[in-house]
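Paired with chain B in one complex and with chain C in the other, chain A is shared by the two complexes that follow.
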Partner chain A sequence: MHRYTVRTGLREAGVILVALVFLVPLLALTNVAFTPQGRPADALTISWPLSTDNFVQAWSQGALGGALVNSAVVAVLSVVGVVVIAAMASYPLARSTRRWSRGTFFFFLAGLLIPSQLGLLPLYVTMRDAGLLGTLWAVVLINIGGQLPFSIFLYTTFLRELPVEYEEAAVLDGCGPVRTFVSVVFPLLRAVTGTIVVLNSVSVWNEFFTPLLYLSGSGQTTAPVAIYNFVGQYVAQWPLVFAALLITILPVLILYFLLQKYIIRGFAGGLKG
Partner chain B sequence: MLTFASGQQVAAEPLLAAFEEAHPEYTVEPVFIEQDAAYIQQLRTQLSGGTAPDIFKVWPGAGDAMAIGAVAADGLVADLSDEPWASDIPENLVALAGHEGDLYSLPATIGGIGAIYNDAAMDEVGATAPTTWSEVLQLCATAQEHGKVAYALGTKDAWTAQLLPYALTGTLVYGPNPSFTEDQTEGTASFTDSGWMEALEKVVEMDDAGCFNEGANGTAYDAQMTMVGEGAALGAVHVSQAVSAARQYAADGTTFSLAPFPATENPDDTYVPVAPGINFAMNAKAENPEAAKAFLAFVASPEGQALFATASDSSPALPAPDYEADEINQPLIDALERGRAAVYPDQTWPNTQVKEEYLIAMQELFNRDVTPAEVLQRLDDAIAS
Partner chain C sequence: MTDQRQQRGDPDLGRTIATVPRRRSEIETVHRTDESPTDGRAPGSQRRRSPLRAPWWFLVPAVAMYVFVVVWPSLRGGFYAFTDWNGLSGDWQLVGFENFAEVFDDRRALSALKNTVLLAFVVTVVQNALGLGLAVALNGALKSRSVLRVLFFAPVVLTPLVSGYIWSFLLAPTGPLNTLLSTVGLESWRQDWLGNPSTALWAVCAAIIWQFTGYSMVIFLAGLQAIPEEINEAAAMDGAGPWRRFVSVTLPLINGSIVINVMLSLIGGLKQFDQVMAMTGGGPGIATETISTTIYKGAFSSGEYPVSIALAVVMTILIAVIASIQYRMTARKVT
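Let's turn to the complex of A and B:
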């Protein structure tokens, strides 16, 4: 039990001060979002009266309702796809000692090094021929493919550190490879799965160019694309942009607070699960 | 149905609505992408994949991946030389709208580069728009005496860094010699041995005279136009369309005007860079070529020209008798009528490397890391590449 000393108080004051500094951009974001358009305002000077007009206008003009639903559908399907495929692909890569296993692992890792622009046109033409242009499936498939290399890298390296005794015990109890993976190995991957879910969710949620390209002309859009339409070449409607940002941050923020315990545990890693 | 892609949604929507009203047999399905880099990447991919819209925005000249010269060279756009409106295009805009003598795009609007002034701020310091170079320096001193900035700069957004030298070289290079770039490619002229040197030295002179705000390379375009809009700066040397940003940040009733930016001691010497703002091109593989041609004809009509020019804070590129210019666009029209309009240099450059090198070098010059001679040597190397 530590005593609360003057030093503890100073340390706390320092931490609070740093936290306040981190809050400055959030204050500017919120302030501009609540400032009526056309009123010149310093981002850090709160100007009364506050107005919620920007939120109403951003919501209706940017069709944010539909965009948020699309973003959520894309994020959920992409992340579930990545977790299922990456985890299952990593299991044999981590456990097999044959030469092909090592080669295949490096083949997946090569995906981290190849610039995404190289595959842009072939992927676009493939989606066109598959009749998927203008559908959310195109965005989901591109996201799953794009996120797999890093996720496979994380799962495989994590699995290599996982003691094989758990699986041997499962085999002795009569489990086949699939049952062993589903019932024993995957639950033990909970920590790294948490990390992969968080990293991929943020990345997919913020993705701009893929939905812009593949959903173009379909009338569907995702949140980042909808927000960017408020930024013109010569005139940017910052109050609308900032209001839209606050609206689209909310779902992610709520998800974060609900899953905070698991997310922190995921980043902390380890086998404690 | 007509498919259409462009930026500037606010300006394009009234044009599309008027087209649908004039041609009820067609409906337009538009896609608006405001960010240039994303627009270029998307349209290039769609053109290669055969899914590009029937009509899309292109840039004039050949200095960009989606410039008309580049897409026409790749065979991606339709030849429009035989369209009925082709002969209405002013002679000085034809070369920037096509490729190897053929017309491939319709110049929809024109814009210009000049000094945009906040009229109230100018009144406050008792100044009028300079018409000679020494008056420019005098305005800088007057602004400082009143605690203001004469010319706001926002070179954190690199594209704004190119504009001041363009305004100066209109008078010092491209106005007197419109074929300067051709002379360069033929090897008879260079950036280093031209009026470009004087132009960049004048930029440095302005910097030394305190004409600009502190930390220009840390100031973004929005902050620059906020200074002009609020009157903290008297003005900015900018593209005419940028006035819409200044208006956004100005108090109600604030007015703005544009003046040619002088580079010599004789006001009659001054040229104004005037160029197509937006060109529209037709997809070589358009699904509905009839609708596409009807749309281009509508945009080229006096009604379409006046409507789009007003909506986009620009001037019409083709004749439009009903168009009434404001204080920003009238000087551009005057310059055209007096034969005092110069080209935008980058629209004549033969490759994209010159522009890329120029934007980087200008930021370094505003940082005073390089000299005008070093900047121009790099540009000479880039044009030779």
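Let's turn to the complex of A and C:
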């Protein structure tokens, strides 16, 4: 095993130094957000006394409250939708041995390679004709459809590795397929469900392109679109802008520091396949 | 805070999320032992017979959503690339490869292609080199290891727009970087990093690299932790120095992580949109236009639908080429 030697100590000091430099952008974000307006905003020089006025002003002028609520609604609906639909789909994909089952699995995998830009315009026109432009539903639908391939891939590969005996026992006890799935299979998928929830929540929360496109002109925004508009309006008023940025990333940052172990594992393991 | 499982080097990060309760531990072990070596192989080679009847209609919602959002629009997009469809009217006529010829005629589209490929390449190389360096540095008995890992990974969960704005501030004409340059006597290096066409693309790259280095690091760390300690010890006993061990033992053994990291950052780079919109909006002029920003503008402000769709097809082809190279490399590794 590794022992802690002088060399390890030096290496540790070196990495900590790198980490401090690496953190400068985040420290600057926080410091500037608390800098009173009118004072020169600097990355690391703290300007006493700190002021929280920026947050108050950003909150009221950026319509951030509504944007955060929208983002939360979109995130919850999208993630729940993806989990339910992908988990269901993975059951026949993992358990059926028919040829169509493998074919369908690869059909979904192809979605991992198709950039959303390819279908962008046709989908936009379809949504427009369906009267969904400017609604959160458009964003939720697109999030779910777009995240399905990867989530189905994770669920199916995971489920294939699980023994079938539990399900067989449930069937022998008289459970129908639906009951078997709901009470036996889905709970066994809990670990991978965690990974999928983590990965999808982060990417849905941060998604900018889809809401920018589908909510434009509707008065509704999500957090990233709200800050994009806000920055457009208050160019280079850094303290105000950074307060707005901090408000919109706070939910994610809090979750990250609370659940860092699972989040990092989700990212490291989820994309391993 | 301390991450016991990490310290011992869990080779199976991610799959064994610790929310699994104790009583399922046997399943976990079975799953873990037979799973690790098959990683990366094409799935589907498992059990052939089962008395279970998984209802096929469980697939219906997934297929419907996927076809509606991804498959059908993409097929139409691919087809319309060969027409003069303009998105508004339903009319279109086949025009063959005209739109593609136009891509290579259009200054903005050409600049976008060049910038996107350059950006994807630079980000991939630098981000993975830094990520690997950090992973190697952290993969040992460091006391602050878990804390450092959390800090280096933190930018990954940020909204990409936010990292773009933070860097716009750092690189502004009177911003911290220029101030720092004056302080250390490099007055002549000062410049408007985002306003200068020859530095703007590099500035965008810096923001992306800063944000996602932690991501590469975490994937490399997972790969490094899967290497059994004995292999390194054996190499050391055979007289291999640290550098030799790194090149001849470590690198080949984390081949899988390298391939995944390179593919992720290349594809991410090819799709780049958010940071560019935050930092430069594609400017100054067309100096930082990417394929995605050009598609967006062409389709939704300047009305150049056909060129936009042709560009999207070019992007799809680039991604497919990368993926097939990746597939070949992993396939070779396994067999």
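Criterion: the second predicted complex is superposed on the first by the 217 of 273 C-alpha atoms of A that agree within 3 Å, B and C clash if a C-alpha of one lies under 4 Å from a C-alpha of the other, contacts with A are read in each partner's own complex, and residues count from 1 in each chain.
In this text, a residue touches a chain if its C-beta (ideal position, glycine included) is under 8 Å from a C-beta of that chain, and two chains touch if they have at least 3 such contacts.
Quick caveat, the model's predicted, so the values are computed rather than measured.
Of the two partner chains placed around the shared chain by superposition, chain C is the only one that A:A28 touches, whereas chain B remains out of contact.
In the overlay built on the shared chain, the residue A:R190 is in contact with chain C alone; chain B does not reach it. Once the two complexes are laid over each other on the shared chain, residue contacts for A:L113 go to chain C alone; chain B is not touched. By the touch criterion defined above, A:G145 reaches chain C but does not reach chain B. Chain A is touched at more residues by one of its partners, and among chain B and chain C that partner is C. Contact with chain C, but none with chain B, is seen for A:A223 once the two complexes are overlaid on the shared chain.
Once the two complexes are laid over each other on the shared chain, residue contacts for A:I85 go to chain C alone; chain B is not touched. Counting contacts by the rule stated earlier, residues 120-121, 124-125, 208-209, 213, 228, 231, 236, 238 of chain A appear in both its interface with chain B and its interface with chain C. Listed in rising order, the residues of chain A touching chain B in the complex are 38, 40, 120-121, 124-125, 128, 133, 208-209, 212-213, 216-217, 228-229, 231-236, 238. Every residue of chain A that touches chain C in the complex is listed here, in rising order: 1-4, 8, 11-12, 14-16, 18-19, 22-26, 28-29, 32, 41-44, 85-86, 88-89, 91-97, 102, 104-105, 108, 111, 113-126, 141-142, 144-146, 148-149, 152, 156-158, 160-164, 167-168, 171, 177-178, 181, 188, 190-192, 194-195, 202, 205-206, 208-209, 213, 223-224, 227-228, 231, 236, 238, 241-242, 245, 248-249, 252-253, 256-257, 260-273. Chain C meets chain A in the complex at residues 3, 12-20, 24, 27, 30-31, 34-35, 39-40, 43-44, 46-56, 58-59, 61-63, 65-66, 68-78, 80, 87, 134, 137-138, 140-144, 148-163, 165-167, 169-170, 172, 175-176, 179, 210, 213, 215, 218-219, 221-222, 229, 256, 260, 264, 270-271, 273-274, 277-278, 291-292, 295-296, 299-300, 305, 308-309, 311-313, 315-316, 319-320, 323.
Chain B makes touch with chain A in their complex at residues 3, 5, 7-10, 29, 31-36, 38, 41-42, 45-46, 48-51, 53, 222, 226, 229-230, 239, 241-242, 244-245, 248-252, 313.
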